[in-house]
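In the two complexes that follow, chain A is the common piece, with chain B as its partner first and chain C second.
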Partner chain A sequence: MFALQDLHLQGLSLLSPELTLVTTALVVLMMDLIWKERDSWRLGAIGLVGLGAAALQLVSAHGTQGTAFGLVSIDNFGGFFKLFTSAATGVCIVFVMLDRRERRHRIGEYYFLLLSAAIGIFFMVGTYNLLLLVLGLELASLASYSLAGFHKGEKRSAEAAMKYVVFGGLSAGVMVFGISLLYAVTGTLDMRVMSGALAIDPVGEGVARSLAVALEQSPGMVALAMILILGGFSFKISSAPFHFWAPDVYEGSPTPVTTFLAVASKAGGFGALMRFFGVLFVAPDVGEMVAAYRNEIGMVLALVAAATMTLGNLAALRQTSLKRMLAYSSVAHAGYVLVGVAAMNQAGMEASLFYLAAYYFMNLGAFGFLLYFSGVTGRETLESLRGMGPKAPMITVPMVIFLVSLTGIPPMVGFTGKLQLLYAAMGPAEGLQLGWLAVCLGLNSVISLYYYMRVVRVLFLEDSDEPRPEPQVPMAVFLCLMAFLTVWFGLFFTPLLDLARSGMDLLT
Partner chain B sequence: MDLLNLNPENASTLLSWLTFLPLIGMCVVLMLPASNLRAIKIATGLFTFIPLVLATQMYFGTFDKTVSGYQMVQHFEWIKVLGINYSVGVDGLSMPLLWLTTILFFVAVPASETVPRLSKSYFVLLLLLELGVLGVFVSLDFFLFYVYWEVMLLPMYFLIGIWGGPQREYAAIKFFLYTLAGSVLMLIAVIALRLDTGTFSIPELVAIGKAGGFTGPALLGMSFTTWVFWFLFIAFAIKIPAFPFHTWLPDAHVQAPTPISVILAGILLKLGGYGLLRGCFPIVPDAFHHFAYVLGVLGVIAIVYGAYVALGQTDFKKMVAYSSVSHMGFVLLGMAALTEWGMNGAALQMFTHGISSAACFLVVGVVYDRAHHRDLNAFGGLAQPMPRYWALATIAFFASLGLPGMAGFVSEALTMVGAFQSQVGWTDEAIASGWMWGPFQWLTLIATIGIVMTAAYILWALQRVFLGTLNEKYQDFKDISAREVFSLAPLLILCIVLGIFPWFVLDWMEVSVADLMQILTFAG
Partner chain C sequence: MVDLLFYVAAAVSVLCALGVVVSANPVQSVMMLLGSFTGIALIYLLAGFQFLAAIQILVYGGAIMVLFLFVVMLLNQGDPVALAREQGVLHKEQLAGGLAVAGSALAVLLVAVARTDLPRPIFGYLWPEGGLDPLLGMAQAMFGPYVLAFEGASVLLLATAVGVMTLAKRQRNKPVAAASTSEEASA
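On to the complex of A and B.
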């Protein structure tokens, strides 16, 4: 009896970042009722403190391995994504606080929902159990649905929420169906049992088979399950062919929510996807049968990656709204990150983690810029930015750096990210030739240059009589900081490399 | 194997100082108030003058032209995990171009006086551009090389796009897209080399290439080295620009303000030729051997086609732009000939064209500032109101034309002789029968048509602008000012000096060119 309690306490201590976030979310909700203020920055501050505390716990737990309650796994890989999520959610909360157009009603719920979505992502990326993965994914999705429609009087926002719910519900269903098929052929929901890394099913039905056996017995079922599960993930990371919701939802949602969806939520999707395919196919001891299957999965992912980046970039070329352009750009970037996963080896996984870290800096910067200008001008079109470049250099010069980084030009961190991905795609492969994908990635960078530079062109190369925009010091400071980090990590990226490499304990 | 000569006597931080001085200058300019344009100009002038002094000192002092291999090297680990090093050094190929860079950037500052809408950012970007260019010339690590290569793009985009002519936005994005497309190919080739050999170091790659040590797989029926060769070649050919990748150049030149045209023609095009000599041919010499005749053909097409199109231009600046395409064709032809003369000629042509085309663009800028158009047919008789300008313009254009005694003559003559001597494509039977004739002999013959046409378009242009009856409108044009002479003079002096004493650059390149030829012919 005593031993069992001990076990529970240990599990709880492993879950301390999650518990911190849950507590924070509840405190925010409670204090909102007590303070009843419409325009309170205090609630945001509580959220930030909570996220900071969770991040500190994550950093101090770096290197810890363990399993809480047989379901939640603590490792550096999950830690990377949890840290990423806390940092991104923190920035989103700051964005809400800085948002000039936010009507400040139901502000407590706004923060609460953001924190809940973060908690969902925490569970989604931190488990080997497919059931918990789905639960985490659903928690994150439900919170995101309500966030997308947060401006409930606004038609666009309502439409965004509606589309998001329909697509989200459908894809979740598809994914759960895939998981049930996988359960049917393997008899387990634990990825490690499927991969053969764990001999006994910790949940304990005792009828589990490994994926290798399942592949031998019913290859068609496994293939169907893989496709359906990939479809579910595809929605979350907004990759082709399930990316159609992204531009509409991103455009209709309030900008801080768009930021959350494009950065935190997408990274969470990648965390779960990489854990799933990493453990099942890339880990060193998967066996011959699965290793042969790996190349087929890799090729499917490579095709998805190529389609995603090309469709995203081509669609972005024609956008006149900055927000919609960034939405398509983030679709294209999902394709880039997938290149690393498609390589189906450790170098590729590392590259994907690295690219996500790079994506964090440049994309949060770009969305911050969008938030500032849509607040100033009340519009989100490229047209409204005309001639603004020299009028607000502390805002627009960082934006140029973000755009150049998104294109993948040195000395920005986006370039080093792309370098790693190209490395992974062109690297030594057993039976998986992805050289064409590297060329495709390169050509896509050239395409993307055109629309990213259109923003620069409107900002700096064209003139207008618009007045100088009203400055917003915190946003300028934030953007300059992000721009500095974008350049700094572009020149000295060893820390990011180490971080990405440390996440590879997933594969041991 | 110490390929960098990393002994203490050879180690030096001079090159890093040279590269980063413009960056320091940029920070200084950024801190000056935007309203004080005069102080900004003086600061920019100062921070382009110090590198000039430093480079001149290196050229005539520190640099030992009798030694083969790299000098003034600096080397330390930058990103250890990926084997990326900060390693810089110069040899006889890069030293003259380094010097040329500092000269032209210094010249560009006074020439910027008449650029419309001049502001602080212009000078910041100019200094950033200089950082990129200097960096490319000193890099001995492909990663570093690539980073500097790309650092140049954004300042150039803005310099054309903000301060250019009416169609500047189109020209700027066209320049950017073309160059980035080339860069992507270069990046893929560099990564392929890195994956194959485990190093980014250019000297090491050259050594491995010489030993035939690449083991990469053949793809789609083409060997690994062939792929690498074409990817790198296209990347650099876009910059040269070689036919058929040249179409961005006339647009960029016509739209760019005068000082930016000067830098573009004088230095940026040379980066393409330099890149071929540093990072393409010596790394994959066997593929280069195999395709040398293709390069020769492309070079001759550029020579003849560029000259032919220049002949048809009515825009003074566009004519000079196409003359650049034509003249850079000689660089390609000389390199492809695979003879010592040809290689020396090509390397010298990069320097002399850098001087003469820069002078030509300055000359065009002078008349444009007065007339605000560049229509060759609308001028006439300008020699009367502007006699001094006429004299200086004639020197610049005759140097470009390749008049004996002027800079262009020596390099073009060397190139032609080198190309004529070329044994590329000679069959054994032909040699046995004493018929010493092959593809390059034909090419040389065709190239002479280009030379004749060059003389035609330049003389015709001079005639239309300076001779004939004077247009009433232009009667009271002021003659060339002291500031304009100050920009032009160093270039014109070099044009004449190099025409009479070509060893002034040739001697510096001799040892390195011989080393390069040894690598290239060894593979054959």
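On to the complex of A and C.
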């Protein structure tokens, strides 16, 4: 029975990154009311300091194992995604600070909602409890809905918010339905109790059955629950068949918000998905029955991965807007990351974590480029980039590096990541054949080469008499840094690999 | 008896939910929603959650429903001709497609339920002698093991409130000329 003395400060100290972020968000909201500055950089600085403090706490807590309040689990796997989220949210705040058009809007609320979404992702990736997972997912989603519609006057932005809300509501309903079915057959909301790793539910009461027992007694219900829950995750990571919202929402949202959705929010979805399927099916001590079932789940994930990358890449071929093209490219990349998860073993999960880390550098860079050019020219079409290459080399050369890395050409970090995913697909869990998925991954990289290189061609090989764009030093510095890291981690990838490997304490 | 009541309540809530979507008149939709909420409250009651049932009626059936009615009656519903055209948008093919998807989902669910070895009857076994004491049990769960989720919900509500207010509030003394289109959109 739960007693009051269990609520010790020890649990609170484990939650210090979350508490830091909540405090930061509240301070931003209050200072906005006190300062009343429309164009305040000070608020952004507060947000960055808070995120930095949270990131420092996460780094210093690396290797700590523990459970706070029986709900939040402190481990390296969650730490990886929390660090990722804070870093990505920090970059989004910098983007808002650099973009004059963004600062017109209610800046305090802007930062507050970004930070709230980050808190939601923190809860989502750091818990074994499905209740808290749904709560975090909803917090992240609800904050993102309002952010997508932040350019109130623009029709596209309003449309993006509307589509996002409708799709998000539907998929959240689907997911909660799946979770309720899973609860009905197992009697617990804790993934570790379902997998049999824990005998007693830390928060629930009554008799819980493990997934192995549930599979024996009601296989149909478990299958249905898994598919429905996968549907909910699919929405968050924008994989097929729940990816239809992504291009429209990404295109209509303000660019910093698009960046957040494509990088932080997507990684958060992957964190929750990998924890769910990892703990239930991949952990070493799952029973024979569950291990057999694992391969079926792996096959479903592999099909989803193949469909996602193919649909994303084929649609990206036809785009004339750079923003929409990057949106489809982000859909395709969700498919790539899923390849590692579909392998259903530790090596696969490691490859997925590595690829997400690589995705961070190259995608943030690409979106920074988009932000700069749409700020300078006011347009987002490929046409408007014509001949810009030699005119702003500090911006366009990094972009070429990002595009090469997104395609997966050596020596960039995108290549190293894709190589690991290929290995993962070649050596999946016992009894799973994913060779065809490796072929599919290779073919898709070739398709993507065409539309990524089209941007390079427009930038450097075509001419126009447009004036030289106005330089923006901080953005150029940021892009050069990201480009440097993209190349650096492509050559010396051991630190990233170690980070990904340390996240595998999930499976022990 | 309890089983029969359950099927009645379930049928009422599902049919009313359907009515919310298909009825042409917004006020009628809101009234249908009230019926659906009441059906769900009855299901809570049958499962032994008297407190939840009462809250469902008070909060959803009472407060939220009144707000919905206010919104529907106060806001401009738009041109009736345009509304009628909107409702005609759903073609026969689309309707058939939607029904096919919903029907197959229902079939899958029914098969899964039929092949499930869950304790039967659905209700009653949850209900200890003399009824549950749901309020105490709920409070203990909410402020005991789940206290973190409870506090997390407060962040969620705050973020939602801020988000909604940002979207709903009109921009005053706009600094940049480009915002002139926003007036038309928000009007």
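Assume the second predicted complex is superposed on the first by the 497 of 508 C-alpha atoms of A that agree within 3 Å, B and C clash if a C-alpha of one lies under 4 Å from a C-alpha of the other, contacts with A are read in each partner's own complex, and residues count from 1 in each chain.
By definition in this document, contacts are C-beta pairs under 8 Å (C-beta built on N, C-alpha and C of every residue); 3 or more make two chains touch, one makes a residue touch a chain.
Nothing here was measured: the structure is a model prediction, and the numbers come from that model.
J.: On the superposed three-chain arrangement, identify whether chain B or chain C touches more chain A residues.
T.: Here the partner covering more residues of chain A is C.
J.: Looking at the overlay, does A:Phe369 come into contact with chain B only (first), chain C only (second), both, or neither?
T.: neither
J.: Should A:Phe361 be classified as contacting the first partner (chain B), the second (chain C), both, or neither?
T.: neither
J.: Does chain B (first) or chain C (second) touch A:Lys152, or do both, or does neither?
T.: second
J.: Does chain B (first) or chain C (second) touch A:Leu419, or do both, or does neither?
T.: first
J.: Could you tell me if A:Phe260 is touching chain B, chain C, both of them or neither one (first, second, both, neither)?
T.: Touch status of A:Phe260: no partner.
J.: I'd like to know which partner A:Phe84 touches here: chain B for first, chain C for second, both or neither.
T.: neither
J.: In the complex of these two chains, what residues of chain A are touching chain C?
T.: 2, 7, 15, 22, 29, 38, 68-72, 104, 106, 109, 112-113, 116-117, 119-120, 123, 129, 131-132, 135-136, 138-139, 142-143, 145-147, 149-150, 152-155, 158, 161, 181, 184-185, 202-204, 217-221, 223-224
J.: Tell me, which parts of chain A touch chain B in their complex?
T.: These residues of chain A touch chain B: 390, 400, 404, 407, 409-411, 415, 419, 422-423, 426-428, 435, 438-439, 442-443, 445-446, 449-450, 453, 456-457, 460-462, 492-494, 497-498, 501.
J.: Which part of chain C faces chain A closely enough to touch in the complex?
T.: Going by the criterion above, the answer is residues 108-109, 111-118, 140, 144-149, 152-153, 155-156, 158-160, 162-167, 171, 175-176, 178-183, 185-186.
J.: Can you name the residues of chain B that touch chain A in the complex?
T.: 79-82, 119, 121, 146-147, 150-151, 153-154, 157-158, 161-162, 168-169, 172-173, 176-177, 180-181, 184-185, 187-188, 191-192, 194-195, 219
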